[in-house]
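Please find one structure pasted underneath; my questions will follow.
Chain IDs A, B, C and D follow the sequence of writing; residue 1 opens each chain.
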């Protein structure tokens, strides 16, 4: 197995300045993605997951940190140096309506990356590649001559995926790519993404707030809260044995479509604090049902608690008998 | 709460539409039905354009020919719109005057759109220029356009070129501001991010993704600039800071009739009516285009 | 006698390119104290149904036909003055977007007391005091301070609590909640659902909840109505609907959404898709509106609109080939 | 919103400071025009009837041999002390000329503004409320006419109907406020009506647009779902939200008023600043034109500054 990650992010920070105050949208996250692997970035709105995605795509400049694409540092590159490398990492955005230039025909939308990256030698070749791409995302071949507004939301998302594939990337960043879609269409796009991943060996950075979809799609999960990763682990560990109280609360909050089932739910008090003025110590201590005194002052570091599972929480310094997290069973096993 | 069996409506399910089906019409008729203001505005404008272009062949005489014997005559068969205080035929002068208004309107609209577009694009894409360009535009915009044009005309000879230059300078800031705000909002669109990720260079992004989407609001703005330029020209000429007296424009004709407007109102009436109709035509066209091109205005249902 | 009985409701809109039949012949009832959910995907007409009940459809573009009988009165035939006495008083409503459904330039206190003064004839001081009580009831900390604040000073979750307080201010008999938690984050959604559970038992109002989220339905509803393309396709008590759906669309909807925890039970696989997409409500559909996407389709489905048939005393399905 | 007088004052101070660069650009522009324009600045200043000695004298005072920045600095310093130069034609200080003419212009603009606001805003609200109905159509037709018929055309039309034909109102001229409010107001009715026509069109239209936008908002639906009557929905819930774009346009539209005043004063022979401007153009009295442009621009900038402050009062989300 290939051991160089496609993407390796170290201590990524993105700070914005809003009216003289600093918003630490992303405050030092590290992650990596192996070829063909799906890593999901989950969290609630404002946690910085989309900003992280945009910084990794270099659509915005980062404040600090390193981004390695196929072993090559891209965080400091100039726009000109970066342009040919962009081929390897392509985005798919949330809103199917604003993701496509309303005045360009599908053919031109798909031809743009092919031409820019010089992936096809001549016009006939481009045309056949476009036909192939449309087939891959299961759109009819005659779609090439049409404008985006002639398509439904789900179809447009297919077009966005086709545009990403046109660059022949090794990694696709899906920023809430299926969130705006209805259930029945969402299933179509999720299946499409999974099929393409298998077929092409794509790696995915899957940014989403929809935990059920994430569980269905992913290999590993990173949970973000207020700009930091609080837990990162394999799918089995996150959904089977979450070790951060926030992960636990998040999972238990999802309403389950099984009437009559009662959930041992942790309802968090209050709201997510403002990222302009995050709490000291552990960002989560204001809402954490198990917070200790030291959580208010000491910032917990990510550390390994099980093979492939890293958690930033002081509770794991306690002996297992006193650790309330270890006492809890996984959410999915609780049913009446 | 247990779900008790509910008495459910068991009558016939009524069908049929609550609105009469829309009448389908095709081609030209459909255009008029859908955008009556565009149709009316362009028809009016077309007529005036024809009058202006073919002025020499429409039973006119030399608009500057003095005829001291026929000074200040009311409309008659000989002089359809009457004569002014120098005995010049008002019908001929009014028709030739259309040329000035239309020329100023169109040329200012085109020129200020081009310059405004370039300035707006520069300040929207090159960050450090933004502050400078926009401060200058703010400065220009804080001088009311008529005063700005007056100040410029006071320094220059009364010629049609100078009128064009003055009014264009007065109109540029509004266009530049509009283009800049359109550029800034377009830059936030995910499809621009998509294009960047697809390796598109900035000039190509402007050409392919920004310009085509900025053109619609720019055209609408250009029609309003055209109307505003026509009004400014008329005002400048009316107060004596516009075109030279030798060149008949609606503003100068009215200016000539100022002193005697109470006893000879027709000297002002005819150019005023033509001027108002022309501007009305341009405004109707602009409103129609705005409604047709602005997706926000399109009804959601 | 049900509290609310909607009979043969049709709501159509006039658009530039044809008639939009958002709701096309929907009937259902809501009993006192009961919680009924209407589920469906966007464009199925569930929100328009909710808005039609309070006649909140702009008359210039939309028309409502049928009967909406609330406690014996047909709301559609009521003079607008009497309709206003019902709105916010006997029937009240919560909307999807807490960020935009409160007026940004009026204080929370003003917006709450306005309703109380209008329907209960309270003085300004009484209404304000009652507003503070209402805010306490929906779990807003420091209510006395909050009444003087503006909506932008509150978070989304707090605003939705204010909306709930507003809706419950006059102790309505029916509360219509149009996607009340859709715009909220999952941990905030959990808070609001918890609040609605508490209020459900304490306030005694019947609730008509509109949602696309089957998880929310399972958690809160007694009875469920499934809508598709402007028509009602199935109705059943919540457990029956989830255990034994009879309409192919309901079945498809239930199967298309992945379930949390599925990976641990090894019960995962490919998601089952419903092929194709929702038909445009501007099309005239002959026959069953789901026919084009249905695996059980027959010629009859394309020709005859299936009527809603009782499969048991409380389970109704509109399908020629019910499961 | 915190009621914080100190904060508001600081805000006004900051906004005032931010107008300085804008005013500097205006001043620089007005000053340098003279040198950018084709032709000899001394000849331009001296006017059409100047003798060669006159021109020489002016050339000497201009000090054209000194650097531009120095000359601009000196001029600016004088302007800040209220010295806008001297009229070539009357030999009076420009400041004094303008001061003598402020009353008619200010009266005209204030009366117009008040008349327009009381008519145009309800018109726009009504049009938005009845969007698509005949009331709306009428308002829209009136608005497009307002944009199309130039101010002096309206002026002559009104004067011809109401003064020449019907003899109801004075044809021309201005009665100072000191001679009584009614005569003063009577002399301003026709000028205000003609000056206000385009302004009314502008305000009615932005009110309609802003109200249409607001009326689709969720909180309007909330207000209706509470059982409120339409007047409350329109004027309490909707209009207050629509007021930010409306007052923005009220401020921007002052430019129309200023420009229109120049023309209106000529039509109705009001002895105001506008009339002064037109006379100055006839006499090519550049110092006066320069002064008028500066004063009007300053007034315009200050009015819009006031509008900015007004925002914070109508919209609690706008913080200062």
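Here, contacts are C-beta pairs under 8 Å (C-beta built on N, C-alpha and C of every residue); 3 or more make two chains touch, one makes a residue touch a chain.
Fair warning: this is a prediction, and the values are worked out from it, not measured in the lab.
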item	value
Farthest-lying chain, centroid of Cα atoms versus that of chain A	D
Whole-Å separation of chain centres (CA-atom averages), chain B against chain D	22
Distance between chain centroids, defined by C-alpha means - chain A, chain C (Å)	31
Centre-of-Cα separation between chain B and chain A, whole angstrom	49
Length of the line joining the C-alpha centres of chain A and chain D, rounded to whole Å	54
Numbers and ranges of chain D residues touching at least 2 other chains	none
Residues of chain A engaged with two or more neighbouring chains	none
Residues of chain B whose C-beta touches two or more other chains	none
Pairs of chains, among all present, that meet the touch criterion	A-B, A-C, B-C, B-D, C-D
Of chain A, residues touching chain B in the complex	54, 57, 59, 79, 83-84, 86-87, 89-91, 93-95, 98-104, 108, 112-113, 116-117, 160, 163, 166-167
Interfacial residue positions of chain A with respect to chain C in the complex	44-45, 152, 154-155, 182-188, 190-191, 194, 209, 211-213, 215-216, 235-236, 239-240, 249-261, 265, 267-268, 271-272, 330-333
In the complex, chain B residues that touch chain C	1-9, 11-15, 17-19, 21-22, 34, 298-299, 301
In the complex, chain D residues that touch chain B	21-26, 28-30, 33-34, 37-39, 44, 144-145, 147-153, 156-157, 160, 164, 171, 254-256, 258-260, 262-263, 266, 277-278, 280-282, 284, 286, 289-290, 292-293, 296-297, 300-301, 304
Chain C partner contacts - residues on chain D that touch it in the complex	1, 131-133, 217-219, 221-229, 236-237, 240-241, 314-317
